[in-house]
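Chains here go by letter, A, B and C, matching the order in which they are written, and residues are numbered from 1 within each.
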Amino acid sequence: MSVEQTSGQTFIRSDLVVIGGGAGLCVLAGIAHYGNWNSVVSFLVSAAAVCLLASLVGRSVEQLGDRFGPGATGVLQSALGNLPELFICIFALKSGLVDVVRAALIGSILANLLLVLGLAFLVGGLKHGTQKLGSERARTISVLMLLSVTAMAIPSIAHEVHSPAGSHEVAFSVIVSIILLALFALSLPFSLRRDPDSTEVVETEPPRWPVWLAITMLAVAGALAAFVSDWFVKALEPAMDTLNISPVFAGLVIVAIAGNAVENVVGVQLAARGQSEYAFSVILNSPIQIALVLAPALVLISQIFGLASLTLVFGPMLVVSLMLSVILAAAIAQDGESTWLEGATLIALYGIIATSFWWG
Amino acid sequence: MSVEQTSGQTFIRSDLVVIGGGAGLCVLAGIAHYGNWNSVVSFLVSAAAVCLLASLVGRSVEQLGDRFGPGATGVLQSALGNLPELFICIFALKSGLVDVVRAALIGSILANLLLVLGLAFLVGGLKHGTQKLGSERARTISVLMLLSVTAMAIPSIAHEVHSPAGSHEVAFSVIVSIILLALFALSLPFSLRRDPDSTEVVETEPPRWPVWLAITMLAVAGALAAFVSDWFVKALEPAMDTLNISPVFAGLVIVAIAGNAVENVVGVQLAARGQSEYAFSVILNSPIQIALVLAPALVLISQIFGLASLTLVFGPMLVVSLMLSVILAAAIAQDGESTWLEGATLIALYGIIATSFWWG
Amino acid sequence: MSVEQTSGQTFIRSDLVVIGGGAGLCVLAGIAHYGNWNSVVSFLVSAAAVCLLASLVGRSVEQLGDRFGPGATGVLQSALGNLPELFICIFALKSGLVDVVRAALIGSILANLLLVLGLAFLVGGLKHGTQKLGSERARTISVLMLLSVTAMAIPSIAHEVHSPAGSHEVAFSVIVSIILLALFALSLPFSLRRDPDSTEVVETEPPRWPVWLAITMLAVAGALAAFVSDWFVKALEPAMDTLNISPVFAGLVIVAIAGNAVENVVGVQLAARGQSEYAFSVILNSPIQIALVLAPALVLISQIFGLASLTLVFGPMLVVSLMLSVILAAAIAQDGESTWLEGATLIALYGIIATSFWWG
């Protein structure tokens, strides 16, 4: 019984688009990479391929996780959902693009809290009017986000104010990274307990992929993501030169948006369907992932494997933008409702901050 | 049918006080200006005249706007309500008093969020006990205020942390100003839709001035405001020297309070009458006006007409005070109630911040 | 009728433990001090003695205050509850340990808002699940705390951003201290009015000590606290040297936790008993006390009595940590509920900030 035969039941149409498109773009990205195409074209193709692979990893994890209950899905999604972004950052560190990685980590959070949240409010507000965000869950997530991002920001602040800890950048960053990862480990049973309440409302379709298919998909998509991330990073530097874009802007805006494209689209789609609460939770969850998993994992990996040294010391403009964004997002969560005008203002704020990084 | 004849119906007593007092003070300010009176006296008289003219502009706009519905009133008030302050700032820029203008813009926001809000809480709390601020409208306005003031503050922050954008001060400020004005234009239909709910409660008197009278009043008061603002600014510099006041303190405290005297009194009066919700909305609306209209308009005017170059880069102490004030005001709005002790603490905070600028 | 005879009615068991243990430890601390014991041992013994004396002062005040109603208790507790910490800080200033005092004042607030609040959430959450913090009182206290700590922080901010007020450090700090103490005086009738609602729930035992006994206890414990604080400070410096701890870390962590040990334990105990609302109020009240009473009183005392000059200018890392902590605590108060994971994150954040001061 081949996959094609049962694809009517096994794959829904969007799965086929992602698998087919992903395969095609990966081939095209490979040809562009090895054929020494124009760096900008090569960059765009590999960026698109990364997006589709990220989507495929997400779908495989979701299918796989459904077998073990919604709690385990959360754990798997946390561990594997950041896989493509993790690959991109590792290859970028291997190429010495530390500024790009630093900016990409902060940029992912800013893009989520300002651009994606803004788009979700704008689309949701225009389609459905003022939206409620009153649930305890949204507020609890916003407080956790505020706390975890603040914890991640302390080494930068210590460095910026010339505190003595600032001159022990690596040691302090490693200690903080271990604390953040320990917090993440602690938070897993928490997500296990809370997930059922929120997921049963939104996920009604039964699991469709057999376990072997989900695992195969995950392995193939993961392996491909590693290759394509490498090509993406290789094309990034000459493309930045050609387009005259600074490394910080490239990381903050381009890498950050490409690496989170799928989650971002999901958040906005949920808002468009009127599920503003769920959209808000999804969007606020991403910064927690970055602060508690992705950033500390990259710090430890960079130190252990001797890549270009990444610490938790980000540039001052990155950190101030970050702290303002999390405070604003927390204020919005407490506010209890969202309007399209708040959405437009968030997008404008993202535009202003991104512009400030244009002059690299 | 002359105006005097129908003044019983046309003007209420406070109108007559404002018109008479305004006319008298304008004449006195002119005499002081052309008679080379003592600069402190001249300054005080013209400051008082500006206040009454601001009140008269406000009344004319309100009368005029009632003809076109409460929504249009909002638009007109936004565009014209800041007229006297706009004139003062333009003349100050013409005289090269950039520091005064910068401090006056931030000072207006601080005066609103700390001093006036504090007085409103103090008066309202002492008269009516703990006051509720629970409405969604108050909270939505506070989020909008937080977002718009933060957007306005980004160029200052970029400059302060030596971000590369800091060395493109003018270009960056112009871009941000255009984005802020665009946001304001977007927000107009929003105010049109929301206004009816809140205004019908508080405005029950029918319109009283004929259209021609309101337009005439507006034109006369506006023209006089231009003259008196000029005299005010001319007297400001020697008065500062005589009283040994630094330009920043003069802008932050004196110009800011004089330029907003009328709105400030209205906010406190509303609180005294127990309309704490409405007072809160009025007080929080003013910083939005300054961030989305007055400041960006002045930046563009100063660049287009070649006045002393005003950018959105304010001094670091101004910006930190600003950001702390908006965060505090937002926290108070979320809190859902106000006490006189919160009012006293806000006033104390204003006093402390103002004192910090005393040593210019 | 001797005290021993009626001790069954007069003293409950924990009173006897505190009195006996306190007396014993005071004697031991004296022997250690005059016997030139090892400085670390001497330091630990006097620290423990200070903790028990602080507890004894607290108990005496509570017993005494009950005679004059719960409102007067509040006033007395405010004035006398900080007595041991006040003594320690005064002796430390006499010994020129200004850095220790500065760090201890900020450290007390951080320990309350991060460590103790985190422990209270963790213990309460693990024992009783998600806890509600919805009361108006908790939110009002959090706003007052945000406002008063911000007011106290303005001189540091002015100094850090090189505002002109920064070079009038002493004058500005004295003015701010007077304003803060005036605010505290104003807040006393407020606490008088509010206390009844909250205290009647938790304090059901009748007063047990006769007035003369409570006054005697208070006088003896206060006098002993003065002596032991002196020994504590004398042992602190050689102990810091022996253990290779920087003055800032010693103040921020060790002195801050020793000086507030009793209140801290009370807060966590209340949370363990499920009284999360009351625990939250107690924990958030302590920073208000430090900002409105302890810090300004020490500034005035240091200037009047010519001790090492203490101003309200704290180091930048201290101030940023302080402002982030109060904003986070206010956000948590507005959130309306607490979970053990929030508690764990708060504790992690405290650990990270404390670590950043390790390298002194």
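The working rule: contacts are C-beta pairs under 8 Å (C-beta built on N, C-alpha and C of every residue); 3 or more make two chains touch, one makes a residue touch a chain.
For clarity, every value in this text was computed on a predicted model and none was experimentally measured.
Taking only C-alpha atoms, you rotate chain B by 120 degrees to land it on chain C; that is to the nearest 5. Interface chain A/chain C: under half of the residue numbers present appear on both copies, so the contact uses mostly different residues.
Centroids built from CA atoms put chain C at 42 Å from chain A. Looking at chain B, one finds that residues 327, 334 touch two or more other chains. Per the touch definition, chain B reaches chain A in the complex via residues 136, 139-140, 142-144, 146-148, 150-151, 154-155, 157-158, 161-165, 167-168, 172, 175-176, 179-180, 182-183, 186-187, 190, 323, 327, 330, 334. The touching residues of chain B, when paired with chain C in their complex, are 130, 160, 246, 315-317, 320-321, 324, 327-328, 331-332, 334-337, 339-342, 344-346, 348-349, 351-353, 355-360.
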